Structures are given as C-alpha cells and as structure tokens.
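Take a look at the structures listed below.
Two complexes, one shared chain (chain A), two partners (chain B, chain C).
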Partner chain A sequence: MAELQKFVDLTVEIITSDGRVIVGLLKGFDQTINVILSNCHERVYSENEGVEKMSLGLYIIRGDNIVLIGELDQERDASINLSEIRAAPINDITRR
Partner chain B sequence: MLPLSLLNTAQGHPMLVELKNGETFNGHLVNCDNWMNLTLREVIQTSPEGNRFWRLPECYIRGNTIKYLRVPDEIIEMVKEDAFRQRQASSGGSRGRGARGNTGRGREGNARGRSGGGGRGGKF
Partner chain C sequence: MLFYSFFKTLIGHQVTVELKNDLAITGVLTSVDQFLNIKLDDIRVVDDAKYPHMMAVKNCFIRGSVVRYVQLPASAVDTALLQDAARREAQQPTTGGAHSISR
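Up next is the complex of A and B:
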C-alpha cells in the first residue's frame, strides 16, 4: 500500500483487466487501489500499425479492474518511437 | 488525494462512467457515497458495442460495477479548494468558535439579558 505512495505525482502506466494500457500522472489512491490519473492517455497496441495514443484527461479507475501499476521512466519512454512499435494488444481477462 | 474526495467534488458536474460490462453512462453527477454508488441525471446510456443509446432522466449505479470514471479536468483543482475550505471550517471551527465565543458570549449575554429580562418581566 505505502509502496504506491512512491508513485504519487509520477507518470505511471496502468494495465487494466480488460487489457487497456493507460499512462498518466498518479494523483492519488485509496485502500482499494482506486486511483486518480490526471492528464492520461490510452496506448492502443496493434500488430499491423503503430501505437495509437488516445487522450483521456482526468480518470478515476476503480481498483477492481487494475492489474498492474508501474512507474514510467519518462526519459526512456520519450526515446521510444511509438509509431514504430508493433505489438499484439493485451487480452481482456474479464470475458471468455 | 483520495479518489472518493475527487468524486465528491465532482458533484453537479458532467461525467462519463464505464461499467465493467462495457456500458457507458454520460450524465451529471447528483450524488455519490463511500462505496462509489452514484446517481446521475440527464443520462445517455451506451451499449458495450457503442451502437445503441438510451436516454434516462435519472439513474443509480452500484459502485462495484464501475470500471472507471472520466471527470472534467478542472475538478482536480477544485478538490484542493474544497479541502482547504473544509480544513478551515473544521480546525478553524473550534478556534473560530473560541474566538467568536468571547465576542459571541458578550452578544449572547446581552441578548439573554434582554430576552431573559423581558421573559421574566412577562412571567412575573
């Protein structure tokens, strides 16, 4: 729990159980890992096109759906040309 | 900052709610509680496929069915103002009461004296 505190006011990448990848500034969280992400965008990965960035704004993501929260190394991230990245999207684990 | 305080501050503002089943609800937040249960007004419901729409005058959403909420950007600044105002009202409240207590007591005393006097005069 307190581990997440280290990420507050840093850019994080969140993977949700429906397979979305959301990047934004972590502004807060609570006991159930509900999370506030400001200025966030979704990265839509695809095998035949570059990564599409979709601007989302201010989000509250409910903890139930969060699979992973990781700090994003912004320098490293800036050095990656996302439009050249080809990757399969992550599976949605909520439906069969 | 707590997600639920942000949600509280967002009361009266438009928002988009996506449920775990993919349905979305667009409307104005009327009320919310500590379980993230919500009531929305003037709602547009969208099917998970995004091809069907319904208009609802009002709806209640159980918190645990929510995937995420999209709220207007400016709400995050309003949370800080809300928190500041609340801090002033609560901690400043006891101090304020104390401070006002002195002057207030004087006024209260006067008032009591006057009304009490009048009352007594009336009674006896």
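Up next is the complex of A and C:
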C-alpha cells in the first residue's frame, strides 16, 4: 500500500490538478486521498516576480484534485530563496 | 491486479513517471498500491530548470489517476512473461480491481 501514513505530521507540498502548489502540515487522509492540511499556504510562481505566499489556514483538499504529495525537506526548503525563483505555473492535468 | 503485481516487482528500481500535467519525475520506486498510486524516493524532476517548484522535495506520493507514463529500465522487465500474463488476463479478467469501490 503506497501509504501516506509516513507523511502525517510532516510538512508536505501538494500539487493540485489545476497546477497550484500548496504547502502545509498533513494531518489526515483517506483511501480516496482526501487530505487535511493545517497551517497551509499557497506558493504562487510567476515568470516575472518571485514566489508569492498566500496564507490559507486549515484546509481539506479533495482527493480528485490531488496530483502529487511531496515530503518537504525543511533544511533544503530553508536554503531556497523563494523571492529569486522565476518559473511558469504548473500546467493543469487536462492540457490537451 | 496484473499491473499492481507487475509494479511490485519493480520496487527498488529507478523509474521516470510522466504526469498528465507534463511534469516528469525520476526516482526509486518504493511503493505501489491497488490504485497504482506510486511512491518515489530520492526524486529528481526531469526538467528542473523549468520546474523549480519541487526543489525541496526528496520523496513523494503520486496519485495513480494523474500518471500518463511510467518509464522503466528494460533490463528489469521480462517482457515475455508480462505478455503472457496480459494475454491470460485478457481472456479471463479477474475482479474489476479499483472500480469495485462502493460509494
């Protein structure tokens, strides 16, 4: 079973089906990969400016909309200067 | 369940998963489940200049429904065996697999 239990209470980065990047503490999940994130924020990437952080709070993200859940390495994340990153937003999954 | 069993034999190998949003991620396959959700360790985004979004992520869980391709090392696959198993599966499919969830 590709368990998410290992990620509970860790900071995770979630990529959603519309291409958003959401970072928060994983508190819970279920079989359909519905997910509960506490203290989360969205990282908005742009080609012209640095990454913008938008605070969100406590979220449930429905599993249908989840592409990927990454375990965020706090050390590596601290060493990244988000204001210097320029990148296009991630595509949505229905690109055709 | 055929491909679930097939992917289980690939645990420990390095694979590249291409997603429907065009993101491609290389990593070691550590886990797979009945929905073909995939866990990869030690990941590297294929075009990391274009996708710096995951610079701080070393391990990830990928939802099976968003996978477009899984690129495998040819040496890790017994294609004759796989072909054989698939032929048998086509003749008499086992349970509906992931579709048999009741809602």
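Rule of thumb we're sticking to: the second predicted complex is superposed on the first by the 91 of 96 C-alpha atoms of A that agree within 3 Å, B and C clash if a C-alpha of one lies under 4 Å from a C-alpha of the other, contacts with A are read in each partner's own complex, and residues count from 1 in each chain.
Simple rule for what comes next: a contact is a pair of C-beta atoms (placed from the backbone, for glycine too) under 8 Å apart; a residue touches a chain by one contact, two chains touch by 3 or more.
In this text the structure is predicted, and so the values were computed from the model without any measurement.
Undergrad: State whether chain B and chain C clash or fit side by side on chain A once the two structures are superposed.
TA: Once chain A is superposed (C-alpha atoms), there is room for both chain B and chain C without a clash.
Undergrad: For A:38, using the defined touch cut-off, is the partner it touches chain B, chain C, both, or neither? Pick first, second, both or neither.
TA: first
Undergrad: So, A:28: does it touch chain B (first), chain C (second), both, or neither?
TA: first
Undergrad: Look at A:94 in the shared chain and tell me whether it touches chain B only, chain C only, both, or neither; answer first, second, both or neither.
TA: In the superposition, A:94 contacts both chain B and chain C.
Undergrad: For A:59, select first, second, both or neither according to whether it touches chain B, chain C, the two together, or no partner.
TA: first
Undergrad: Quick one: name whichever of chain B and chain C touches more residues of chain A.
TA: The partner that reaches more residues of chain A in the superposed model: C.
Undergrad: For the superposed three-chain arrangement, provide the angle chain B-chain A-chain C between C-alpha centres, rounded in steps of 10 degrees.
TA: 100
Undergrad: Can you work out, in whole Å, how close the C-alpha atoms of chain B and chain C get once everything is superposed?
TA: Chain B and chain C, overlaid via chain A, are at closest 7 Å apart by C-alpha.
Undergrad: On chain A, which stretch or stretches are contacted by chain B in one complex as well as by chain C in the other?
TA: Of chain A, residues 94 contact chain B in one complex and chain C in the other.
Undergrad: Provide the residue numbers of chain C that touch chain A in the complex, in ascending order.
TA: Touch list, chain C to chain A: 19-23, 25, 31-34, 37-39, 43, 50-63, 66, 101.
Undergrad: Using the touch rule from the top, collect the residues of chain A that touch chain C in their complex.
TA: Touch list, chain A to chain C: 1-4, 7, 13, 15, 17, 19, 21, 31, 33, 43, 45, 63, 66-74, 76-77, 80, 85, 87-88, 90-95.
Undergrad: Quick one: which bits of chain A touch chain B in the complex? Just the residue numbers, please.
TA: So the residues of chain A touching chain B come out as 16, 18, 27-30, 34-36, 38-39, 56-62, 64-65, 94.
Undergrad: What part of chain B is in contact with chain A in the complex they form?
TA: Contact set of chain B toward chain A: 1-4, 6-7, 20, 22, 36, 63-64, 66-73, 75-76.
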